[in-house]
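Shown next, in structure tokens, is the structure this report addresses.
Chain IDs A, B, C and D follow the sequence of writing; residue 1 opens each chain.
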Amino acid sequence: MTIKSMRDALNEALHHEFERDPLVFLIGEDVGGFEKDGQPVEIGGVFGVSKGLYRKYGRKRVIDTPISEAAIIGAASGAALCGMRPIAEIMFADLTAVCFDQIVNQIAKFRYMFGGQCACPVVIRMTTGGGRNAGAQHSQTFYPIFTSFPGLKIAVPSNAYDAKGLLISAIRDEDPVLFFEPKVLYTEKCEVPDEAYAIPFGEAAMPREGEDVTLVAFGQSVNWAVQAADELRKTRGIRCDVIDPRTPSPLDEETILESVAATGRLVVIDESPPRCGLTADIAALVADKGFRDLKAPIKTVTAPHTPVPQARELERAYLPNPRRIIAAVEEVLA
Amino acid sequence: MTIKSMRDALNEALHHEFERDPLVFLIGEDVGGFEKDGQPVEIGGVFGVSKGLYRKYGRKRVIDTPISEAAIIGAASGAALCGMRPIAEIMFADLTAVCFDQIVNQIAKFRYMFGGQCACPVVIRMTTGGGRNAGAQHSQTFYPIFTSFPGLKIAVPSNAYDAKGLLISAIRDEDPVLFFEPKVLYTEKCEVPDEAYAIPFGEAAMPREGEDVTLVAFGQSVNWAVQAADELRKTRGIRCDVIDPRTPSPLDEETILESVAATGRLVVIDESPPRCGLTADIAALVADKGFRDLKAPIKTVTAPHTPVPQARELERAYLPNPRRIIAAVEEVLA
Amino acid sequence: MDHDDLLGAYRRLRLLREFEERTRVEFQTGQIAGFTHLYAGMEAIAVGVCEHLTDEDRIISTHRGHGHCLAKGCDPAAMMLELWGSTDGLCRGKGGTMHIADFSRGMLGANAVVGAGAPIAVGAALASLMTGGTWVAVSFVGDGGTNIGSVYEAMNLAVVLQLPKIFVIEDNGWGEMTPIANATGNRDLAARAAAMGMPAVAVDGVDFFAVHAAAGEAIARARRGGGPSTLVASAPRFYGHHEGDPQLYRSREEIADLRRREDCLPRFIERVTTEGSLTAAELAAVDADIARIMDDAVAKAKAGPRPVPGDVFDHVYARYR
Amino acid sequence: MDHDDLLGAYRRLRLLREFEERTRVEFQTGQIAGFTHLYAGMEAIAVGVCEHLTDEDRIISTHRGHGHCLAKGCDPAAMMLELWGSTDGLCRGKGGTMHIADFSRGMLGANAVVGAGAPIAVGAALASLMTGGTWVAVSFVGDGGTNIGSVYEAMNLAVVLQLPKIFVIEDNGWGEMTPIANATGNRDLAARAAAMGMPAVAVDGVDFFAVHAAAGEAIARARRGGGPSTLVASAPRFYGHHEGDPQLYRSREEIADLRRREDCLPRFIERVTTEGSLTAAELAAVDADIARIMDDAVAKAKAGPRPVPGDVFDHVYARYR
């Protein structure tokens, strides 16, 4: 057990699974490397997540592709339909927009349309979210959108430990999994075991516990929620359950409902824009099945209904933050 | 004023706007026609919505394209950036998945990314929803997904009258509008004025009024909600407000909140699957801003978390219906 | 091709044709739901290609998929049951006409999104390469479908990875109601594919033997590691784009003329009988047999078990956790 | 080209180069946020094409857009302000390096989605045709970007509609860290474009005069109604894919060699001074002027007004109702 960044934790997960199962392979842009004058030149992914795989397994299992996202996803899904265990990398979640059909109309529906004849165990890894001033087309989350598609499973880790365990589960899963890596968290560190371990899907983590208010957050927002909770506890003595569902689909409804049953108050946080997102999804769940427990309006903390702006000050104003979460908690306690 | 089908009402709207503004044009697959032996052969759209336009305006303003949705949308948006008023037709909403980038990363964001330098007044018309046994890839709604994208406006008419007035507004709007035509409603008729009229965006219709329960529904679900409301009134004396927001974005929040303030009970209905959809969106709105008025859990009636099945019995079981809405109303009244 | 092969090919051609003729009749009685696209007229393409394939080879089809399914060995009754939406259908009624699949036959699905099959079949070919298989993957796409960008992405990737992949382009001159000439800047579809870096040939898709020979070459090349190629085959569409299409864009005479002059079945028959490879009696026996098979398929379809509402929830995930 | 044209072209080439050199220096101080891609090495392409264009002509650029913006006439200070995220930037700080646009100059935006500009520029060309304009639309795309399917959709549609549209393919041999040879089945990118049905030529993109001549022909053809064409121009990328890329995939010597042998600026200078069309003094005066312009741009950028949080909400819609 050592302190590792999320990048390294994910890299370890890939190495474990490549070793365990010869059917696992990685396909995407710049994920591998190439030969130059007979020597291997390794790229290992633009964000360095696949480091060492090309050197160890070669081009046969670490496949650099043209800039052709639809073909990448098709190649992965077709191989999965023939028994392989592909991991496809799409550089930015926003770019799933150029291969959206291959994900939502094809992969998500094969098993169902074909009456259960097949599985399509593809993992699609991608970076997600804001915080790097990458502008409107490279900073979106997209995980709420994919959550709306039956047939897909969605994982969004908020820390290195979960990242490793969830990626291992994703690769072992029989169903297609979209795996979102918050790009600002690649360098964030925590304790991560050296060996392989799987974190089951549909089981929330609860990084903080408390009886006053329930906070549900996704991805990098979990960290802001934790900061807000710590601050509230220290300065005001307010105790929060902080719930990180980890997999928006399947969703651990029980943990959320149980928490709200105890606290009676709910704030949901996500950096995606507000309409038809995960914050609304969780609010709707509780407004139905947890209604009798509620003592206050359900508040959400989201990005505004705008694209992601590029300038530092603007992106900072765009993203949720602990201060806004604290304000929302104060509202539900008012 | 005569009785017209939604198809004819939409066709009239197109004719009005083509006549009014020479910058308006239509582009898509099979929307126009071609010359054969010197004679015009008209297609007028696979669903017949653009009938008569090719004959009247020719290939210059009614442009049949290759099967290239990304190019269709790009051609429309690029023309809009240069002052034209394009209407693009995508045959099925599901197929926006092959041009998703051009819609959500390009059109939706131009104005914002470029700091307000431009407008992109494109209308994208498409058929939406189930009921024709078209299977998993040709029966989806997609309007909740697009509602989540800032920069887009979304319209979903539930009857011929609204269809005409909303399409005219869409074409006159300075912003990009995604216009969803529920395919089962093309043949549904009601009174529709012969002249041009515009229905403003962001103003809900209320086809039924009542003080016991608020029903909010979208697209073809509005008709099931009305049937349920009529049945409830007749057989049980229960009175429902039935609210049809008509434009999910911009959303008429006031009408919904005012109604719930009076009824204290809410059922939201849509044929899309349940996760991160419009039913959750409306429920979340009310669980926040209307919480103090609520007397019962908010219920939603949606499709299940499954793709759309093809067989008659299965699609029937998949879609919401008045019976399920009545059951939900009974629950919120229990 | 020896006698048995020829008889087998004829049997298949006739089966494909009769399946569509019968589907059309039944569709008109209102029993078949959904958007149905008939393959009649184009049979020599599917059969000419698939006669070279085994169950291990994979194909991916289009919205106009019945012919490819049958050519790949799908059971006609199980297909008819699927058209009827029965739980005994190949996809338990979940898929219907545009989504018939039979994985046991290497038939990875008809696909209602134009052009979408090409990238997926590239993945199937990749699996063959990675596992050291000798099987190939074939995707079918229409002339109109070649204007979908991801087809080119698929072609390029297949070339870059030198995959055992065959792109079959079915050129019937129409994309729905739009003539190909209005939709395609370069009418030479083989040239477009060749420019992506692979061998590409165009053949008369009405001539079973021409398709069979060209496909054989492409498939053999792929099997021995020679990489992907494209086969463009032109053949008419005898019916409308979908059932219910009134075909206002072409005349009855035009269609009758196509039937008279570009029908792969009489062409096949003329050749084999002229050559003396098959006798009229043999052909008649096949016809009678196919007629029986179709009667049986339709009877089964009509009597097939119906889905119940709860079936909606099955087969979304292997396990939702 | 006459004396003034040549001096103008040199001025532009130098401006593009110095803008990037300066951006690189400033980026390293941490003042410029976001993913920044420098155009250094490829200047002769943007300038060679855009010298033929007026403000009415439209272009759409890529993630590597600074050069195209400057070549199309965007103000360098307003661009620098945008890189700094100032509200005085061309896009008020909303866009940043990958989304610079100036509609008053016919610059419809850099675009961070590879390949996405091609279809949009087709629309601009369509508007020209529909309104009887004589202006053309140009989209730029990298060699890597030619593997995005919608580029082919755009090409085909431009051919079908015979639009005044030029596709400029910038071939620098790399897509991020992947060599083009590993990504493209047919290295002849002009052949791929030509197969879509239009004239396509490849030129040495280091040679301003070669680009200028070929672009002039394509643009003139488009202006007189002769339809679309493609221009492939090859030129090196002097820096990494983006600022911060350690370029482990190529050696320092390799890069130095590129600088020595394939730099469009010395090439241009050599030719014009050898021919005697421009004097060393004239060139030096331009250099000094550009240096001043860059100092001024950076000074303005550093002092530019900063956005306030409320600005986030502006410019989403013309009117949200």
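Some observations on this one:
Here is the rule we use: contacts are C-beta pairs under 8 Å (C-beta built on N, C-alpha and C of every residue); 3 or more make two chains touch, one makes a residue touch a chain.
Source: prediction; values computed, not measured.
For the pair subunit A and subunit D, chains touching both partners: B, C.
Averaging Cα coordinates per chain places subunit A and subunit C 39 Å apart. One simple way to say how far apart two chains are is to compare their mean CA positions; for subunit C and subunit D this gives 45 Å.
Once the centre of each chain is set as its mean CA position, subunit B and subunit C turn out to be 35 Å apart. Multi-chain contact residues of subunit B (touching two or more other chains) are listed as 65-66, 68, 70-71, 94-95, 97-98, 101, 105, 112-113, 135-137, 150-151, 304-307, 309-310.
For subunit C, residues touching at least two other chains, in rising order: 93-95, 99, 111, 113, 116, 147-150, 153, 156, 160, 182-184, 316.
Arrangement of the chains shown, judged by which pairs touch: all-to-all, with no pair of chains left without contact.
Interface residues of subunit D facing subunit A in the complex, by the touch rule stated above, are 33-35, 85-86, 93-99, 111-116, 144-145, 147-150, 175-179, 182-184, 248-249, 306-313, 316. Chain contact summary for the complex, subunit A toward subunit B: residues 94-95, 97-98, 100-101, 104-105, 108-109, 112-113, 135-137, 144-145, 147-151, 249, 251, 272-273, 275-281, 283-289, 291-292, 294, 296-300, 304-307, 309-310. Residues 25, 60-61, 63, 65-66, 68, 70-84, 86, 99, 101-102, 105-106, 110-119, 150-151, 153, 173-175, 200-202, 250 of subunit B are the ones touching subunit D in the complex. Note for the complex: subunit D touches subunit C at residues 147-153, 155-156, 158-160, 182-186, 191-192, 194-198. Taken together, the subunit D residues at the contact with subunit B in this complex read 58, 60, 89-95, 99, 101-103, 108-109, 111, 113, 116, 118-128, 130-131, 137, 149-150, 153-154, 156-157, 160-161, 314-321.
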